[in-house]
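Going by the order they are written in, the chains are A, B, C, D, E and F; count residues from 1 in each one.
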Amino acid sequence: MNALVATNRNFKLASRLLGLDAKLEKSLLIPFREIKVECTIPKDDGTLASFVGFRVQHDNARGPMKGGIRYHPEVDPDEVNALAQLMTWKTAVANIPYGGAKGGIGCNPGELSLSELERLTRVFTQKIHDLIGIHTDVPAPDMGTGPQTMAWILDEYSKFHGHSPAVVTGKPIDLGGSLGRDAATGRGVLFATEALLNEHGKTISGQRFVIQGFGNVGAWAAQLISEQGGKIIAVSDITGAIKNSKGIDIPSLLKHAQ
Amino acid sequence: MNALVATNRNFKLASRLLGLDAKLEKSLLIPFREIKVECTIPKDDGTLASFVGFRVQHDNARGPMKGGIRYHPEVDPDEVNALAQLMTWKTAVANIPYGGAKGGIGCNPGELSLSELERLTRVFTQKIHDLIGIHTDVPAPDMGTGPQTMAWILDEYSKFHGHSPAVVTGKPIDLGGSLGRDAATGRGVLFATEALLNEHGKTISGQRFVIQGFGNVGAWAAQLISEQGGKIIAVSDITGAIKNSKGIDIPSLLKHAQ
Amino acid sequence: MNALVATNRNFKLASRLLGLDAKLEKSLLIPFREIKVECTIPKDDGTLASFVGFRVQHDNARGPMKGGIRYHPEVDPDEVNALAQLMTWKTAVANIPYGGAKGGIGCNPGELSLSELERLTRVFTQKIHDLIGIHTDVPAPDMGTGPQTMAWILDEYSKFHGHSPAVVTGKPIDLGGSLGRDAATGRGVLFATEALLNEHGKTISGQRFVIQGFGNVGAWAAQLISEQGGKIIAVSDITGAIKNSKGIDIPSLLKHAQ
Amino acid sequence: MNALVATNRNFKLASRLLGLDAKLEKSLLIPFREIKVECTIPKDDGTLASFVGFRVQHDNARGPMKGGIRYHPEVDPDEVNALAQLMTWKTAVANIPYGGAKGGIGCNPGELSLSELERLTRVFTQKIHDLIGIHTDVPAPDMGTGPQTMAWILDEYSKFHGHSPAVVTGKPIDLGGSLGRDAATGRGVLFATEALLNEHGKTISGQRFVIQGFGNVGAWAAQLISEQGGKIIAVSDITGAIKNSKGIDIPSLLKHAQ
Amino acid sequence: MNALVATNRNFKLASRLLGLDAKLEKSLLIPFREIKVECTIPKDDGTLASFVGFRVQHDNARGPMKGGIRYHPEVDPDEVNALAQLMTWKTAVANIPYGGAKGGIGCNPGELSLSELERLTRVFTQKIHDLIGIHTDVPAPDMGTGPQTMAWILDEYSKFHGHSPAVVTGKPIDLGGSLGRDAATGRGVLFATEALLNEHGKTISGQRFVIQGFGNVGAWAAQLISEQGGKIIAVSDITGAIKNSKGIDIPSLLKHAQ
Amino acid sequence: MNALVATNRNFKLASRLLGLDAKLEKSLLIPFREIKVECTIPKDDGTLASFVGFRVQHDNARGPMKGGIRYHPEVDPDEVNALAQLMTWKTAVANIPYGGAKGGIGCNPGELSLSELERLTRVFTQKIHDLIGIHTDVPAPDMGTGPQTMAWILDEYSKFHGHSPAVVTGKPIDLGGSLGRDAATGRGVLFATEALLNEHGKTISGQRFVIQGFGNVGAWAAQLISEQGGKIIAVSDITGAIKNSKGIDIPSLLKHAQ
């Protein structure tokens, strides 16, 4: 099912449980603003290439909007729309004073050189710089992007608005990034898992876990769960899977994965 | 056929005739920027209503973008996108220093009170005021909108940017509108028809014409063609059609239509 | 006596005691800036109504100006001027880095619907948005206004300047308001009374009190004084007065007043 | 009678003749915005002096507001208010796309040195620079001010907004002033007088005239009327009056007055 | 002699003839503002290169400053300073409402690829965009720069300030450049020569001319002088010289030079 | 040796030790931006005087630039350039998130009245206000300037940008300055001396010190070293020197110096 259809269906279920009236429900489903921009760059071989970039700003009633920017060939408006909406519900449920947004560029970062990625990121930033900002919408890294991408956004945005380290999160520590940001999403998996187990009168320690994905999030989750005494019996990623019913040695696996 | 599919197909035919390379062709097909905004207003009965507004800015290489804003229940992104692209080609072919854009709100203006239309237009203007402007993108009236709509946009825009009569065309004469704007599109029909006939060694005078549509454009075209000696033998609009093979008396029909 | 005449007389007495020279005294009496704006709104019945709004900014030598906005039929320039000046002296005596301002609209809020009050507040904000701000002048609630009024100002101001919760104080907690703001002025009455009694070697406990006014300020003062052991023997408000020489039961009275 | 009372009375007479409804009449009487600012300057002797400056912006429905700035000891809010309102009616009656404003400083320019006048004008400009501008409100010289004053305003305004010769009219020719501005008001007297006489079937030539005031306006009016064949039989100014029933030799009088 | 020393000496000679006082003379010699910026770009081979760019703004008393931007290895602050000053005197002598400025980058444009020149021009524009503009300072082409350079400046400046064709002169015709700009400097040589000859009672026709330099300026001067009947007997440029005492055939030479 | 030559030589020594490549070294030697402005003021006697002001902004890679503004007759571009570069290395070595800048005006503050110094500081601020700011470049006092100078800059800057106490450091405590700023540089001398001695296994206590200069820095250093048990055996300043091998009584000397 299309991500937007699924997200809207879940929201409507929640809305009915809360007894929201139909017009408010409709208003919450329509994003505040969607932007789609053309990003044309010279490639290293001198030819031109055009990519489409998106930023969907779903809701800012509770504070500046927050959400990642992903680079992936299958980025499409519906997916970005759905993810922006989910950011609104996530910040609201966690009761932090932010709204929800999401963005991305339809490209395959693996096929672009570092210098092409820099040019693409800078052009995208030029196209949306008037629509983001510390009090408006604060991007973050997501699939296919990372601290280096945030550093380029920060630098390009600062050409227009002056030194503005707060315009993105997930930037390199040296440019004002937060310690612990690296592990944060994986640590969130740990916390959510702990909360779920506690509701059933259990703890991490003594449970067995299977982890799907071993990128930044999965690897940190594996390491932190294992430190809490959880037994990881299987791990998979895009290249394959391993299994050990006595528990995988996560530190060794991490060393191997690097 | 979907308007965007048709427009893209025609552009590609032209592009191949001109020998444009594939990457430039792709770049010209992708709009510069597309914006989609939520417009929530209180209705006269106190309930809330949410509408979706669009502005597609296709290309500004030749100057500030130019294009209408339409209010119609079937406004959708593809149609707006296609019309924005056509504005780029129209201003280029006419060799005036403008680019192309188009916008609209998905609503039925016939079901909204004047005061609801004003509130909707002002909220839409608040959502796009940073993205339009005399050097950037200059809206104009289109289906379902007119001088009054432009006056509301002008007034709301001026709250943010100071007295700015140049931000829209098609505004009321009293607010700086141009004399002759009313008849301009119909007069364009006359000029295009004359040019076509001249290519075949003919003139307006002595020809017979059938006119489909008798709103602002069709009525002015009928009147101007008839003044040049053309014989209008049939006229139709949404309510029906009339026919007179000896020629319809256009001044009488205009009086009747009012 | 006119509030401004009285305030100026008191300031001159203080100025003479401090030995200020005549020109500095004159300069301190003249406000930094006074603004008077026309606020025209459509009423719910479709007719137009015009109100006059004021903002007097008295002095910003010690920091951004601070002061309430009141809605009352008898708001006039002299009263607003006097209250702005008193804010300058209050922030200076309390040694907090702020200056003094005050504003208001000449209207009877009891005769306006909630939706008319919202429109009036938004129009007033549009007229003064360039003259207030976090580093310039920060409004607060006053007679006839409250957290809802501040929320409207915040929202309208943010349309022009981006998400700006700090542009007003006294806003709803959910929009970033401070806990305890509700009781703050009544608590100030308690602190001032304690300080006065301490100078005479007495404490709240064991004293008898008469309280004039039982709105937000008076009711909180009564409750807090009573919690400190003070005996409230009489309370009056616009609707009448009650008296009990053994002490009024304030919690019961509060329940009754609601 | 107070100038504002008189102006309001005349407007109400006109309003009744036009059949304006009472609420629109009230709205047209309330100025758009009134600003009152403190202007403190060091005098040449090193002491401080404080003056009060005004700018009343009456109405901008028909275009940017236009009106003089006068320096006079008796400048007061009611007079400035009345004169601003008259500018609205004057620009409307003459059908030029401007609104009405007026300003002034309560000071005696004859008691201030050139350098004190410069400092006062620059401080006043700093206090109102955000509220005037080519699309908003364009000041002009008036009683006690002239091209030099406008040059100071232009220069000070340009520090904030970049080179802006259009922010004032009546500036020196070398800074972009208009040829003929000097004689313009006197020439207006000639045109109005001609129009009045024509309505009675007469012309300037052959009529006798008495002229009260022989400053810039009166002297130019005298000269232009005399060039059209009018006979000036008496002239007065603040210093006295002369009379000659055969007609005063205006060129000689001008030479004498200089 | 250093260009600045020579220019200052000539100005002082003129200043003494005009009887300017010493302090005014000193003030006219000091430029309004000098800016020196670092421009670091990636070269095509991936390494970094740093260049120094200058903009000297000499005087804006008579209007926005005007002056070229040159790319040459020997650009230095004194030369730019001298040329900026000469622009002030040139615009003043020609009595057009502009001041004087000049800029440049210390680089050898012949050793940079087109794409390196584009990057260098865009970085330089980013560093000075806040200090130039239609009302402030309007650059133009000069040695080593041309319409393409102006197009890059225009495009980069427009990213920050919106579509701004007026920020540079000498831009391509298609972007709003002026017809005749190409020949303008050479035509100026013709006009100056004509004026000089007229003072001696002679005309172009019948005179013999020697032209040093055959770039854009010299080639146009040769062609225009020859069209007026002047006999060009010698032409030289960086590559050599030709001579023909009967007169060189300029059209043939132009064809050859291309 | 010229300060810039010396600074560049030291940087190159460090650069070679760090193994920086030649192009990066060159880029780090070129300042980000150098500004030179003309500051013309009326002197107290009515004549005009012109001074040259500088601001060199060396590097902002690590955060907003930071550095003093000095008033001294021998201020020249090379010295300011060298000091700006040293600020970059100082903030980097101390690992605080700032870059380096420096500025100054070529004037003798001892020959200017307080009112001339105020006018000069305000004109200088007007010329550079667009290039400094809390996120860009934050000036501080230096030779010939102090808290009063910073207060003038703060006030003039705030006319353009709103109440901005953070635009300068070293301002008066009453305007938001930091307690301890007065002693800070002298305390830095103490800390550096302690660190040096500790490396040699010694402490302040028991050592003998000679102090060259007894202005704000030297006097505080003397006092603080003496409080830590150091023996000051000689002190010199511009007016002479004293010596006492048993240790000078610093509190008495301070009283005497005042």
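The rule is short, and it goes like this: a residue touches a chain if its C-beta (ideal position, glycine included) is under 8 Å from a C-beta of that chain, and two chains touch if they have at least 3 such contacts.
Since we're looking at a predicted model, the values are computed, not measured.
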| item | value |
| --- | --- |
| Chain B to chain E, fewest steps along touching chains | 1 |
| C-D or A-E - the one linked by more C-beta pairs in contact | C-D |
| Computed distance of Cα centres, chain F from chain D, in Å | 52 |
| Gap in Å, rounded to a whole number, between the CA centres of chain D and chain B | 45 |
| Chain B-facing residues of chain C, complex | 42, 46, 115, 126, 159-160 |
| Parts of chain F lying in touch with chain A, wherever the complex brings them together | 60, 63-64, 97, 133, 135-136 |
| Touching residues (chain side chain E, partner chain F) in the complex | 23-24, 26-27, 30-38, 40, 47-50, 52, 127, 130-131 |
| Chain F to chain C touching residues, read off their complex | 162-164, 174, 176 |
